[in-house]
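Listed below are the structures to be examined.
Shared chain: subunit A. Partners: subunit B in the first complex, subunit C in the second.
Up next, the complex of A and B:
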């Protein structure tokens, strides 16, 4: 074990196999002939493009069918600045990156609310718009593109040979690799994976999803744009036929073949996309056919990609230190909801709802199906805007804020149908809950984050499952994980939407005990629940909703005796079988 | 704790990365097997062409023509006792693939290159051949800028777009008597270049360009474009794009009952057009470099091509044939050193090509005009009119 540790301390191996790959590539540049280094250079260009689209598609899950547009913007920006303004190649580089980043905002901003098919169509359109624009503008050389782009010079030496270009591309690739590697460790990368999995849930637990999505476009575009000037330097020309829909598809294939969100996968994908057709030159005119067939075979054999992303193991602290923050000494009503109303067309889902929850209290909202309980929760958390009314958290009005801001204000929630980030590990799910406390994106998770994750997992009893994917957990653990994720926000008010649904009696008892411990922390717990026995035994106060209106509010004992409640649950008050009612409620 | 976290999985990643590096090298190593300047003693001539993709049929035709020329040379004893070997490379009509195909050919030890179809693929290839001083004789890339910037190392047996545009403008304003002329291209380098050249010449000849725009290639319905063009009331529509769209334009022009004359550039004279358009192709006129069957000197080539490939040669085959033949001739005189071949090509005077006498000017273009017009009669392209030495239009069949 000791020897193994010594080996791992070796700096060359500590950061994975990338340095080794670079060294092999450096050596390879010496032995490969011009043709091979040209192809290898193209592989590196596609690898850079792949690392760019990997951010957008692989991490953030935003399907982009027009990524060649950023490639084109990078190439044309650099080429034009060199040809028209005589800029040095190295000066055009930041300009190309900035131009593409700006384009990322242009494409990203209007599409923030779109998903899947619609987003794909918009990006496809964007790609074509860019290509058709450069083909029709005189300044971009129209269909001829830009020709006569001067070679890059490094330290006074012009790079004209294929081998020279290969080393230039390798340097670019190494820089992009390091930068994307740093990016992959940041909280932003976790946030991307969360919105890929479920953007509504991510937003609800505190991830600023619009900003995070926009950053995916901007950073992805900026990375991809680096390939543009490089390609222009390689070919000495910028030809609009290089930026067609087919190019976008090839770039997308790099991540699909390699494995979504996997940087080694991107390398493999780029090799397959570029080198495979070259190797297939031997089959002459059947090249396209064989290439297509081989792609199909690869996708069938490795549906997750040749080198799928492996979950990053989380080294949690062995024991959670005592909570740094002093127990909340808050008193009085933490959550104050007044006159909350929500109408959908002519239907009033929630009408004039008043709700109070004080520190350490458990307040339950019960009511028949369709009474408007979940709608009320969604209005309170900002998921859907209320038609009228006020929501205040510790005296601060939060109505009208976006869900992640409501979460940051101290209101955490779970969902009726459990919404976890299925592809992420248990610990990562909880980490996402930390965004409500700390929205910093461009740095790795801090020690405080890890401590909180550990504490929350310990609290719900899931610490042993920390590195398991959330998607593989049994039902009861999924409920507890969702609560742990909400607790990571250290909320003042916790809204639980039917936490006992589908639970067996043992699980229900455990849940009741968990809720009691949460309220013991000084958190106000608001519960939607159908299990009347459970509600009555743990609640301090109960509100009963029917047709969106509160028909009763008070301590459990009072509610149990309220004839309106009995009527709402079991029909008319003079029902002959009132015995049954007493049996159920008693 | 954090330091320990970073150490995770180090050893494993190392092994995988080595595997990745292996993957990087394997296909390339495989690719190199067929390359190498080899000691076979053959004189290798490279033929880059689109052998797969949308333009594959043109590329295959070019390759077949090069083989016919090489066979003839080899049957007659080769060059300086060595056989000519044709080395093909697929450029897929793209810039990136064009550059890679060029490197692939140089890798195979070609002493000269004859071929190419799309200008887009030729542009990045030119400096690659140029650096090694390997002459590039183009058979189909007619973009003027290619020889303009070729530093004298690029030649062509085909014409130049500006020359074809001039011939088209003269024909439309002359024999057709057109005043209002519409120009349609497809935004490719070639088609837009030709349309621009035609527009200039039309204006110089006193005609009016009433429309110049692009269609989107690859679609199946161009009636909206045709209707738009009809609204500008042209006498002639000159389409400078490729044959797939040309066939549809003919068909849909007839369906819409439009009266203006439809004319096309030399990328529309493919036999596919006649299949697509059927009877709607009758009366269609195209400017073109003469086809094999319009050239009396090409009859021997046509029968050799048919015997070998079982089909009629396509539009660029005669130029590819001449490119290989003129290279063989020059290599026979100068040897296989690139710079010497280039010098030799510039010294060629009235080489008896099947497309006419070949003399290259300082840029590498042919000094004699080439383009003629053809029209569709009885479901086939036949020679129509050509300019004689005095600048008058005469029947193209009269030699």
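Up next, the complex of A and C:
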């Protein structure tokens, strides 16, 4: 199996594959008959639509069952402008793209908070709304659609033959291919894959998830809309019956059969979707049934698609240069939390919490399970809004900001239940952490990003695993990767939520050493931890929470002697639980 | 005024069987996290099975309550078996695959059912014999027939039965546990695959019964009838809050009313624009549906 595909991994072929395909297509245009060349043109139209929906579904993981709406908007915008206002085809093209992009905002904006399954029905409904509207309105020609669309002219020559149209479609396809190829290398593409994997974690480490999702709709719609005018030019008509739910399904199937997020897969998918039903023409009557059954078989045999995406590996520098900036010379309290309170219904999870962490300090928050430690972290990072209180980072108030803004202000965190982007590589995970420092989306990761990724991986000792998928890492490495991702933001304050959970004594020692090195960088570390011995040995100060309230605060030595802490943690004499604790500790 | 009451009555009737279909979407989503696209087509199969029973029995018209009941029962059992078979063949093998693969499989099944019935019926409409009692309960401007009343009562009885099944039986309780957490349910000794099949059986039976009721009420049936009805029912399931059975029932009736009033006061051409527009508006304001969902998203 491996040997057979080795050829495909040849780098020359990998980068030369598309030009080769275009050359073959150009040559093919000469030898194919009119019928074949028409089918080939339709394949290209579906390939363009597939490249569009690949952005929404493949990269960003937002299910779209109404993509034909953008196809329709593109076709009708272009057709109406040509017929009613006598615009030139080439002028209507940007108008069609803009109209579809605007529609992308309309459908994207209200659905940003929705889960993927609800997205399915909302996008489906949107597709139906557009279709029914164009069928019902007079200006769009009602059920008959638009007819008499003039042929496209290129350099004074009108394109009327099927072969001529095929070359036109090929040119469109090539342009879209190059543009989506450029898009696939940008930081935005990495951000899309991160939100597809875990949008909460992505937001928490600095990805502006709403903007990123909206951009997926807008750019996907804009790309797909290009197919509309092309289709209108091919047929000379715009027929509302070509934008049904079935069309949306076909477009979706292009990416699913091919492999989500995979551009070669889109090509395979478009060929299967268009050419297969044509090939089945001989069994005309049963071809729908046959096609449906084949679809089920393909999905059961290859659930990941025929040509699954293999994300490009970015080359990390062999050695990370020393950090360009001098170590931060910040002093004083970097994190100031005052009066932080969070109520859930009648339950007060966190009450009037005060927390200080200065540069280079390690501050720990301990307390029994359910004391409100993680809730406090979630309030500080903006993941849940606090009921009252203030949070300031280096003197700047950040309460009420969305998590990615809090992250950008210099606060990084890890999660109690590790939240990595499982399908992305170790290096890509760390790259996402860079969004807190630099939110630029529409350009490839810079050298500074790659240097930082390398530095962070070296720092936690994961450089050798850079190209491995995060999902395959052993537990201890996953913890360290999450810390590396947080460090990529070069945070002023780092919140670690139970980093030692499940670690063995050796790993705990390594962790303590790692935390000491992080605070040595001038970062304030706030630690939630249950391992009291670990906390006492590395903390400068300790806050003890019980039932959401701080019951003690001070240096470790004081805390250890505090009778209230002993009572909360170990129980008090005459309490039946105490005997058990003594027995266990005994 | 009489217009309004008439639309209300019609809406309630339509809503009664929309709710039945919506319940299937909701239950199935609960246990396998799948929007069962084939559900609308299972409904269509039910309509054809009921048609088969009535024509085989040679019922031609008039009140034939036993034949009518037989049609509903056979229709429901047929779809129960069909639905379970579909789940066994096309969904269970994909339980551990990406969720999109499951969805695509469902779309494939939906197409296969439509195309299969299209080939078998040569794409022709079939007409139910007019067995539904056309006798009026009220005379006057508002038309309410005994048939309509029977359909609504039957729907209510089926929904009550489902409610008892889900809340009072061991299997129903296991089903709710499965909807919360598949792995935990498995660890408690629940046979997950079997339970999934049971859920498909029950959900599909409801859709099949609704299919027969649709045929009795609207008379004309065809291979493509499941698509739009399925969409409307699914809209109801989402509006009611997926996995939330009482919410789904209420939302099903609401969609029926919207459909009836939209067709009456605006135009039937704009009905679906209004339904889907409403759906988008509601979800934008309340992302988990009108009544809140009852499924736990696995993190």
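Quick note on the criterion: the second predicted complex is superposed on the first by the 555 of 586 C-alpha atoms of A that agree within 3 Å, B and C clash if a C-alpha of one lies under 4 Å from a C-alpha of the other, contacts with A are read in each partner's own complex, and residues count from 1 in each chain.
Throughout what follows, a residue touches a chain if its C-beta (ideal position, glycine included) is under 8 Å from a C-beta of that chain, and two chains touch if they have at least 3 such contacts.
In this text, all values refer to a predicted model and were calculated from it rather than measured experimentally.
Of the two partner chains placed by the overlay, only subunit B lies in contact with A:264; subunit C stays clear of it. Legend: residue contacts after superposition of the two complexes on their common chain; A:313 is shown touching subunit B, with no touch to subunit C.
Using the contact criterion defined above for the overlaid structures, shared-chain residue A:296 touches subunit C, although it does not reach subunit B. Once the two complexes are laid over each other on the shared chain, residue contacts for A:87 go to neither subunit B nor subunit C. By the touch criterion defined above, A:569 lies against neither subunit B nor subunit C after alignment on the C-alpha atoms of chain A. Judged by the touch definition given at the top, the superposed model places A:136 against both subunit B and subunit C. Within the superposed three-chain model, A:288 lies in touch with subunit B and with subunit C [touch as defined at top]. Set side by side, subunit B and subunit C differ in how many residues of subunit A they touch, and the one touching more is B. Shared-chain residue A:117: touches subunit C; no touch with subunit B.
Where the contact sets of subunit A with subunit B and with subunit C meet, they give residues 132, 135-136, 285-286, 288. Subunit B contributes residues 1-2, 4-11, 13-18, 20-21, 23-25, 27-32, 34-35, 51-53, 56, 60, 88-90, 93-96, 99-100, 103-104, 106-107, 118-120, 123-124, 127, 131, 143, 145, 149, 187-189, 191-193, 214 to its touches with subunit A in the complex.
Contact residues of subunit A toward subunit B in the complex are 4, 7-10, 13-18, 20-21, 24-25, 28, 32-36, 38-40, 42-43, 132, 135-136, 142-145, 147-148, 160-162, 231, 234-237, 239, 241-242, 264, 267-268, 271, 275-276, 278-279, 281-282, 284-288, 307, 312-315, 317, 447.
Interface residues of subunit A, counted against subunit C in their complex, comprise 57, 63, 110-111, 113-115, 117-118, 120-122, 124-126, 128-129, 132-133, 135-136, 245, 249, 252-253, 256, 260, 285-286, 288-289, 291-293, 295-296, 299-300, 303-304, 417. Only residues 29, 33, 35, 90, 93-94, 97-98, 100-101, 103-105, 107-112, 114-116, 118-119, 227, 231, 234-235, 238, 242, 269-270, 272-273, 275-277, 279-281, 283-284, 287, 297, 299 of subunit C touch subunit A when the two sit together in their complex.
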